[in-house]
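Each of the next two complexes has subunit A plus one more chain, namely subunit B in the first and subunit C in the second.
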Partner chain A sequence: MSAIVATLRPYQAVFKARFTLLLQYRAAAFAGFVTQCWWGGIKLMVLAAFFRSVRTTPMTFQQAVDYVWLGQAFLTLLPWSVDPEIARMVRSGDVAYERLRPLDAHAFWYARAIARRTATPLLRAIPMVLTAGLLFHVFGMSEWALSPPAGVQAAALFFLSMVLVILLSSAIATLMDIATVAALSERGVNALVGPLVIVFSGSLVPLPLFPDWLQPALRLQPLAGLLDTPFRIYGGHFAGLDALAALGRQAMWTIVLVLLGRLFMRRVMARLQAQGG
Partner chain B sequence: MNGLRLYGRYVSVSWRSQMQYPASFIATSIGAFATTITDFIAIWALFARFRQIEGWRFDEVALLYGVISVSFALADGLTRGFDVFGERFVKTGDFDRLLVRPRSTALQLLGYEFRATRIGRLAQGMLAWGVGVHLSSVDWTWTAWGTLLFAVLGGVALFSGILVLQATLAFWTVESLEIANTLTYGGVEAGQYPLDIYARWFRNFLTFVVPLACISYFPVASVLGRVERTGVTGWLLPITPAFGFVFLGVALWVWGFGVRRYTSTGS
Partner chain C sequence: MPSTHIVIEGLTKTFRVAERRIGAMGAITGLLQRRWRTVQALRGISFTLEEGELLGLIGPNGAGKSTTLKILCGILEPSTGRCQVGGLVPWRDRVRHVARIGAVFGQRTQLWWDLPVVESFELLRDIYRVPLERYRKTADELIALLDLDRILGTPVRQLSLGQRMRCEIAASMLHEPRVLFLDEPTIGLDAVAKLAVREFVKTLNREHGVSVILTTHDMQDIEALAERVIVIGKGVILADGSLDALRRGALAERRLWVHFANDVEDVRVAGVSVRRRQGRSVELSFDPRVTSAHRLIAQVAAEFEVEDVHLEEPPIEEVIARFYALHAVEA
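Let's turn to the complex of A and B:
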C-alpha cells in the first residue's frame, strides 16, 4: 500500500503545484467570464432566430439554451492548445531532462494536463452556471436561462460524463504535447487540432443541429466525448441505455487515446531530438 | 519624407522581416484560415438544418459574413501596434520614444507591424464572399461592387477605431484590456447575420453606439434588394459606411486626448 502511495506521490505533487499556480489568474478569469457571457448571448440570439424560422427541430430550444451555456461554462476544458510550458521546453531543448526523471513520462505529462483542466475550468464554470442558472431568472430572462438537469439520473450520469471529459480531454492534450516534441514546434499542432476540436466537440454548433446524414459519424467520433455527450445527457437527449452507451464510447476513446499516447511517447522519447544552443 | 511614403517604408520593412521565415508565415496563415473558416462552417451547418433564418437565405448571409470578415481581416492586419499598445509601449515606457520622434504617434503605431499572416482570415472571408456572389441572383453591376467596396473601407475604419479606443484605454489601465475583443471579434460574430433577427436594444446598440450595421448590414441589404427589412430609407443605405470613418475620427480625437494626458511609467 505504502509503495503505491510513494509511487503516486510525484504525480500528485505536479498536479497540486499546477493547480495552485493556475488559481492565481483571477483577473484574467473575470475578463474571460464577461467575454463568455457576451458570446453565449450572441450565439443564443442567432439560434433563437433559426428556431423561430421552422416548426420541427431535432432538439427543443430549451435544450439548445442549456447546451450553449454549458458549452460556454466548460470551454476551457477543451484541448485547445499545447501546454505552453512543454512547448517552451521543446524550443529550448530542456525537454531532454524529461528523460532523466525516474518517472513514467506519459503519466507525468498526463497528470499536468489533468491539473490544467481542473483549476481554471472550475473558476470559469461556477460563475457561469450561477449566472445563467439563477441570475437570469432574477432579471426576468427565464427563457434564456440554464435549466436544471433533466432528472436525478441525468444529473448523476452528467457528473460521471464530466469526469470522463476531463480524462479524455487530457489524453488528447497529452497526445498534442507529444506531437509537439516530434514536430519540434507547437504551431502546426495547434493550428490543426484547434479548429477540429471547435467543430467536432459541439462547441461551435450543438452537434444535434448538424444535418441528419452526418449524425451517425458525429456520434462515433472521439471529439463528441469532449462536450456533446455530457450536454446531451444533461438535457435528457441521451437517456437510459443511450446514455450508458454514450458513456461507454467516451470511456473507450479515453482508453484508446491514452494507450496511443503511451506508445507515441515511448517512440518519441527513444529517438528524441533536442534543440539547444 | 511624407507620411504616406514613410508608412509604405514601414510596411515593406515589416513584410521583408516576416518573409525571412517563409515556412512559419505559410503555416501561421493556414492556421488562421483553418481557425476562422469554422465560423463559416457553422453558418453552413445551421442553414443545412434550418434552410433559412427569418426569411434570409444562405447566399445572403454568406455575403454579409464575407464582407465583415474581409473588413476585420484588413483592420486586424494593419493595427497590430494599437492592439499590443499596453504591454509593448505603455508598460515598458517605450511610448516615450515615439513621442520624441517628429511624426504622429498614430502613424508610428500603424507602421509598427503589418501582419501578413492575416491573409488567412482575409482568404476565408473572400471565399465566403465568393460563395455568396456565386449563389445569389443579384445583378452584379458596378454600383453593387462599388457599394460593397465602400462598405469594406468603412469597416476597416470602424474596426481600426475600436482598436484605437482599446489602445487609448491602456493610458489609464497600463495593461491592454481585452474588453475590445467583445466588439471586434464579437462584432464579426454578431454582424455575420442580418441584424433584424436581433432584439431591438441589441440592434440599436450595433447601429448607434458601435455602427456595425452601417458597414455590413445596411450596404449589403441594399445590394441584395432587401431594403424593406432594414426599416431605413433606401437611398441612405449605400452611404452609411461613412459612419465608419466618423467613428475612426472620434476614436483618433479621444486618442489625442489620451496622449496629452500620458505620464510615463519610467525606467
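Let's turn to the complex of A and C:
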C-alpha cells in the first residue's frame, strides 16, 4: 500500500499543483460562463424551430434541452485544444526539461491533463447548472430549463460516466500534447482535432439528431464517450443494459487511447531532438 | 580514493535537418521532396570525470558543448559511442539516471512560471520523492546559501533573471544529486549575480564533493571555478587540461608595464616588443621561455630610470581567442 502511495506521489503533486492553479482563473471562467449561456440560448432556439417543424423526433424536446445545457456546462471537458503550457514548452524547447524528471512521461502529462479537465469545468459547470436548472424556473422559462436526471439510477450512472469522460478526454488531450511535440507546433493539431471533437462528441448537434444510418457508427466511435454518452444517460435515453454497454465503450476507448498514447510517447521522445547549441 | 564518475568514449551525434529551398518555387518543390542535410554535432568525444571533479567545457557556439551535456542528461541519444554516469547509461536508464543528476540550462526554466518559488520547490520535492525531513534540511541549506528567503513567495514570472537563476540552481539540487550539469548558468547575469552563482557552485563542489560539468562563454567562470578545462571545436576535443596548460600552449606571452621617471624616446630590448605606449608608461610583451621576468626588469632598469613595474598575463579571453584561431575554429 505504501509502495503505491510512493509511486503515485509525483503524479498526485502535479495534479494538485495544476488544479489549484487553474482554479484561480476566475475571470476567464466568468467570461466563459456568459458566452456559454449566450450560445446555449441560440442553440435552443434553433432546436426549438427544428422540433416544431418535424413530426417524429429521435429524442424529446426536454431531452434536447438537457443535452444542450449540459453541453454548455461541461464544454471545457472536451479535448479541443492542446495544453497551452505544453505548446509553449515545445516552442521554446523547455520540453526537454520534462525529460529530466524521473517520471513516466505519459503518466506525468496525463496527470496534468486530468487536472485541466477537472478544475476548468468545475468552475464553469456549477454556475451553469444553477442558472439553467434553477434560475430559469424563477424567471418563468421552465420549458427552457435543465431538468433533473431521469432517476436515481440515471443520476448514479451519469456520475460514473462523467468520471470516465474525464479519463477519456484527458487521454485524447495527452495524445494531442504528444502530437504537438512530434509536429513542433500545436496549430495543426488544434485545427484538425478541434472540429472533429465538436462534431462527433455531440457538442454541435446532439448525436441522436444525426441520420439514422449513421447512428451505429456514431455510437461506436470514441468521441461519443466525451459528451453524448453521459448526456443520454442523464435524460434516460440510455438506460439499463444500454447504459452499461455505453459505459463499457467509454472505458474501452479510454484504455485503448491511453495505451496508444504510451506507445506514441515512447516513439516521439526517442526521436526528440532538442535543438540549438 | 575518488572513483570514476563519468565515462564518455567515442561519442558521435549526427542530426538530420530539413533544408528549406529558397523562393516560392523552392517552397513548392520542398512540399514534394524534402531535402535533408546532415549535421555532425559530435565527431568522437572521449573523456572521464572523477568523482568530485569540476570540469569546464568551452568552445565557440555550435561546437557541441550543449549536445554533449544533453547526452549526459539523458535527453539525447548519441549516434555512436559509449557514455556512463555513475554506472548508468543515461538515455537507456533515463528514469533512474535523471533521479540522480541535477541540471540547469541557463536559457531554459524548470520552475513553474505561475507558481511561487516555494511551491515549485515542493512540487519538485514530490516529483523526486524526497522524504519530508530530508527536504526541509536541504531546502533550508539551499535557501540560506543562495539567499532566497525574501523571494520564496514570489511567482517565478516576477523574478529578475539573477533571482531566477539562483532559484533554478537551488531547484536542481533539492534531491541532492551527486553530479550537476550547468549549461551557461551565468548567461545574461549581472556581476553580483554571477559572483553568487560561482560562489555557490564552488561551495557545492569543494565542500559537498558534488561533481560538476559546466559550459560557459564567460571565461571568468572558468578562471574562478574550473581546475580542468576541455575545449571543444567542431565536435572534437581540442584540448583537455588545466587553464595554465592551455595558456602555455596558446599564448605564452607575458606583459610588463614599465612606468619611467622621465620621457623616454625608444625602448629597445632584444626579444621583446612594445605593445602600447601611454605617456611615460610602456607595455612590453615577452616570451617567458626566452626571457625571464626578473632579467627583463633588470635589463630595463639598467638602461632607464624606472619608477614602477607591473607584470601581467594576457586576459583569458585573449588566450582562448588565440587558441580558436590556432585551431581554425570560428568563435
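Going forward, the second predicted complex is superposed on the first by the 274 of 277 C-alpha atoms of A that agree within 3 Å, B and C clash if a C-alpha of one lies under 4 Å from a C-alpha of the other, contacts with A are read in each partner's own complex, and residues count from 1 in each chain.
Simple rule for what comes next: a residue touches a chain if its C-beta (ideal position, glycine included) is under 8 Å from a C-beta of that chain, and two chains touch if they have at least 3 such contacts.
Computed from a predicted model, the values in this text were never measured in an experiment.
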Fit or clash - subunit C, subunit B, common subunit A: fit
Touched partner set for A:Q215, first subunit B, second subunit C, both or neither: neither
Subunit B versus subunit C as contact partner of A:L100, first or second or both or neither: second
Touching partner for A:T60 - first (subunit B), second (subunit C), both, neither: neither
Partner chain(s) touched by A:A49 [first = subunit B, second = subunit C, both, neither]: first
Subunit A as apex of subunit B and subunit C, Cα-centre angle in degrees (nearest 10): 90
Partner chain(s) touched by A:S142 [first = subunit B, second = subunit C, both, neither]: neither
Subunit B versus subunit C as contact partner of A:I198, first or second or both or neither: first
Lowest C-alpha to C-alpha distance for subunit C against subunit B (Å): 9
Touching both subunit B and subunit C, residues of subunit A: none
Subunit B residues within the subunit A interface of the complex: 24, 27-28, 30-31, 34-35, 37-38, 41-42, 45-46, 48-55, 177-179, 181-182, 186, 189-190, 193, 197-199, 202
Residues of subunit A defined as touching subunit C within the complex: 6, 9-10, 12-14, 17, 21, 85, 92-94, 96-97, 99-104, 270, 272-277
Touching residues (chain side subunit A, partner subunit B) in the complex: 31, 34-35, 38-39, 42-43, 45-47, 49-54, 58, 187-188, 190-192, 194-195, 198-199, 204-205, 209-211
Complex contact set, residues of subunit C against subunit A: 15, 61-62, 65-67, 70, 73-77, 94-96, 98-99, 101, 103, 105, 108-110, 112-115, 119, 122-123, 126-129, 183
